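In the two complexes that follow, chain A is the common piece, with chain B as its partner first and chain C second.
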Partner chain A sequence: MAASVKLHLQFGGGAELLFDKIKKREIELPALKKYFPDCQHDKWNIRDLLVWIKDNLLRERPELFLQGDSVRPGILVLINDADWELYGELDYELQDNDTIMFISTLHGG
Partner chain B sequence: MDRIQKLEKEINNLRKALQEKESELFEMKRNWMPVHPNNNLNQEDAAQLQQHNLKNVTKVYYGDKLPKWAIERYSRQILLPDIGVQGQEKLCAAKVLVVGAGGLGCPASVYLAGAGVGEIGIVDYDSVDLTNIHRQILHTERDQNTSKAESAADTLRSINSHIKITPYTVQLDSNNALGIASRYDVILDCSDNVPTRYLLNDVCAIAKKPLISGSALKMEGQLTVYGYRADRNHNEKDLSHQGPCYRCVFPNPPPAEAVGSCSANGVAGPVPGVIGALQALEAIKLIVGQTHEKLLVGRLLIFDGEDVTFRTVKLRPRNSQCAACSESPTITRLVDYEAFCKAQAKEKDLDLQILSPEYRITASQLEEQLKKLILEVDSNQKERHLLVDVRSEAEFNMCRIDGAVNYPIDQFRGDKVDEILRMVNDKNQVTFVCRRGNDSQIAAKMVIDLIDEEHKGNVKDLVGGLHAWSDSVDRDFPIY
Partner chain C sequence: MPVPCRTGCGKNAMLKRPKTGDALCKDCFFWAFETEIHFTITKAELFKSGDSVAVAASGGKDSTVLAHVLKTLNQRFNYGLNLMLLSIDEGITGYRDDSLETVKQNRDDYEMPLKILSYKELYGWTMDEIVAQIGRKNNCTFCGVFRRQALDRGAAMLGVKCIATGHNADDIAETVLMNVLRGDIARLKRCTAITTGSEGTIPRVKPLKYTYEKEIVMYAHYKKLVYFSTECVFAPNAYRGHARALLKDMEKIRASCIMDIIYSGETMAVKEEVTLPSQRTCIRCNFVSSQEVCKACVLLEGLNKGLPKLGIGKSSKAKKMLEEYNAQQTNYKESLQAAAKELDDVQSKKELCLSDSKNCKSGLCKGKTKLNRNSSINSNDYTNSSNAKECCSNCSGSCERIKVNADVNNTKVNTLLEKYVINETNIAKVNGEGTLCNPSNSDDNLNNSDDEEHTHAEYIDTHIEQEDETCSASCGKLGSLNIGF
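And then the complex of A and B:
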């Protein structure tokens, strides 16, 4: 049975406004099967994390953070300071102590 | 009063005459320069240099092309191994376009002008407003209501008279962007909106120019170099290397309601200052021929002034299927970027008409009602009229009408709405106000839709918002 996963979550560029204006959070995900009993895989991935965030952290206006089962356009997801596209995006399997950042792009000047 | 107006007019005319004389002098100086690839060596210098060299058996070496004044003037950066004489020559020959003469464009262009970049174009359709000056450092109080591009160009000329500055007082769009950008080697995106960012990306992809993209809002800034091509730089080992473009990383624009602006969300002046200065640094490094590993190519700098952190994160590589920068792009000509982004490039004052006239009152009507109510409250001991201000808490703290209560529109749901519905039932009138009279209509509409028929008439909205209030009732009320 896979154990729980500790993560550093960070929000920036305005994305934190959807999360009580808190930019940095330490979270601990329970064992995946505990949270999603019907889940077909064993390890948390980013797709699962987004659902967990929606259930547990996202208080208001989910459409400003999510679109379908992914993040909305204009939010960059970074896994340990690298673009999530380099790691398989939604399918990336989370490791203990990973830093996952959600950065909204800025447009002001 | 007459005397003041007369003086103001006189000073304006003098200023205009001075500007004309300055540009006449500039043109004359320019035309006097001898035929030279850089146009930086004027005749006097050339003659002096030749004489000097003839007299000196050991030959004084000034570098390949740089005249004495240039060596002296730019010596502090020529001393750097990263720049050197050759780098300075490249800077003097370089042409850079700065799009936006605002919080990013001002500091960026100051450093480019100071560094001796041979030609700087600066684009901005807007005019200088007093609220710009805390961060837009090329404009002064006396530049208010004049063109930002012109105002920026004037200041840049006063910083360096040896370079060519071209202001473009236009809104950059699909029709004019390629024509303007193709005259320059490097483009700086110092704009403030999404459509212009996609427009510039596609312009740079089509014209094969590097795009140094900065942005800033509130306490945060971001910076990266898009569309870098190693084949333009003979210092690169692998000439086929290409960095990602804006569309490689962000193929789709964000929803318009998720995009903030400096006028709505605020910005600390030094934040765009930091990013703009770094845009200039990246431009200088790129021009002198530094390779992609040293530039912010494929990397994004994220600056957070709140806890002063600079973080550089790795971006995805160029997308071989990218609509703009791949070998077979689907975007081969510029499109309608406002339609693509479902947003406006120009900040226009929206003038929404959501409510029908019976729900709307003017500022003067509101003033009269409020005056009358002061008397009625005394006799009735019951507050009968409530003003609900739906702006953000920060705005409400900045200025408000006496007696108004604050219910920010972005928290308008659940319990808060129930509270307001109860108040509407209790009072004779509830008037919604905001800055310009758009959000207040949205709020009022929500309440009207929810409340029972007999109380609908109690809901009102202030036409034109607090701007109208300041215009026609209280001149001392700040317009921001």
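And then the complex of A and C:
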């Protein structure tokens, strides 16, 4: 049984506006099976994290952040400062102490 | 597991470029990003050595990155440019005041002079004040039109050769899409040009034309550039929002679609038989315009005359509104005088009104008047109360309603007049129904509208056109359906 995972979450480029304007958060995810009892895999991935964020952090207008089971197109995701497209996107398995950053490209010009 | 940088530099890749699909490390990304912009600039010959260039700076990601990259390239490749920042303060509390702080930060970081021009000083109105007048529905029209001209004026003050704007590839693809969706062929033809501006204007250039938004944001992030990312506090442009969402969805499926849409826009040819509005200069302010009076002047005039909706929609509509307003203004003074006079001796002069009605039948309704439709209702409504009772037989309905009490005092008349001058659309509607005619002082008005026409020479054409319809509309005899309200 996988243990809990500590993460650094960061929001920028306007994405922080959906999260009480807080740019940096330290979170601790519970054991995956505790949070999703029916889950088929063992480790937290980004897809699971987005659901957790929706349940726990995102209070209003989730459609400005999420679309389907992913982020809304136009929101960049960085895993330890690198483009998530290099790391399997939604399927990336989260490691303890990872920094996950969400940057909106949709705000202002 | 880390992916190595595609260039073989030995470092781990940090991002996947949307344009090429290449995985690059930070340094190779910076090099690719800056070099591509350099190629864009040199290939299109955007600048000449010794030029002064104003960077249109909003404090947002695009203009911040543009300023940073231009400064970098100017040094690296010896462009010999004199770069400066130009910002427009629209006067939007909670938005622009904050983003201007970011621009000031840019000024200090990049050591460029900064010029800030405000709507207030240029036009006498802040966006906050405009929104208070017009509401939140069409305010983006004002802001966009005014900003365009404000940048031109600012650039002229700075004496620069050109203005560099931060439009990126996503913006341009989005604009192509919008112009296709709206069938706006003139803009579709122009919107992909890297340099815009006709003779006599300061050209605009878009060095980031082929640069993806994602890369701009990643560049700003990795370079730790400070930028401002709050949405404007007023309603966003919903239609553009949809185009943007569509584009982002498609980009997700196939990232090259952005370049492909731009390519389509660039190479699309407009059939020769399609007539496009020719560019000319505004006869009032001399800035470029597709009409004889530019949109900014029309909007501004609307604001100053209390007709804020003027200029929202087609220009022909604006002309009509303005024309009516002008005639109304003339008539307003007339009416005031007439009202005052009338009220003094209304009791004793009923005969006068009788002759007035005759005047109407014989003179006006035969279709020879130059009177604006509105002038008739004004005078009819509030100056010649008894006149209304005697109104010619072919006037129905509303003449009956209009029985202004003769006891009414001057102040009340004034208030009503003021109210109706502002409330121009209602008047136009009533008039369009063709129920009213018979102004008392038609001769005076006639002369006066003539004067008005001379002072507003630019509207002469439509004045004349309209005059044919005027009386027919007010008397309901002829084809009032032709009138486009």
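Operating definition for what follows: the second predicted complex is superposed on the first by the 105 of 109 C-alpha atoms of A that agree within 3 Å, B and C clash if a C-alpha of one lies under 4 Å from a C-alpha of the other, contacts with A are read in each partner's own complex, and residues count from 1 in each chain.
Criterion: contacts are C-beta pairs under 8 Å (C-beta built on N, C-alpha and C of every residue); 3 or more make two chains touch, one makes a residue touch a chain.
Note that the structure is a prediction, hence the values are computed from the model and not measured.
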item	value
Which superposed partner A:E63 touches (first chain B, second chain C, both, neither)	first
Chain B versus chain C as contact partner of A:A31, first or second or both or neither	neither
Contacts of A:I103 with chain B and chain C, given as first, second, both or neither	both
Touching partner for A:L90 - first (chain B), second (chain C), both, neither	neither
Which superposed partner A:G12 touches (first chain B, second chain C, both, neither)	both
Residues of chain A at both interfaces, chain B in one complex, chain C in the other	12-14, 72-74, 76, 78, 81-83, 85-86, 103-109
Complex interface listing, chain A residues touching chain B	12-14, 23, 60, 63-64, 72-76, 78, 81-83, 85-86, 101, 103-109
Chain C-touching residues of chain A, taken from the complex the two chains share	12-14, 17, 72-74, 76, 78, 81-83, 85-86, 103-109
Touch list for chain B against partner chain A, complex	100, 102-105, 190-194, 197, 214-218, 220-222, 249-255, 257-262, 265, 267, 272, 300, 302, 304, 306, 311-316, 413
Touching residues (chain side chain C, partner chain A) in the complex	2-3, 12-16, 23, 58-63, 99, 166-168, 170-171, 213-214, 216-218, 221, 227-232, 244-245, 248-249, 251-252
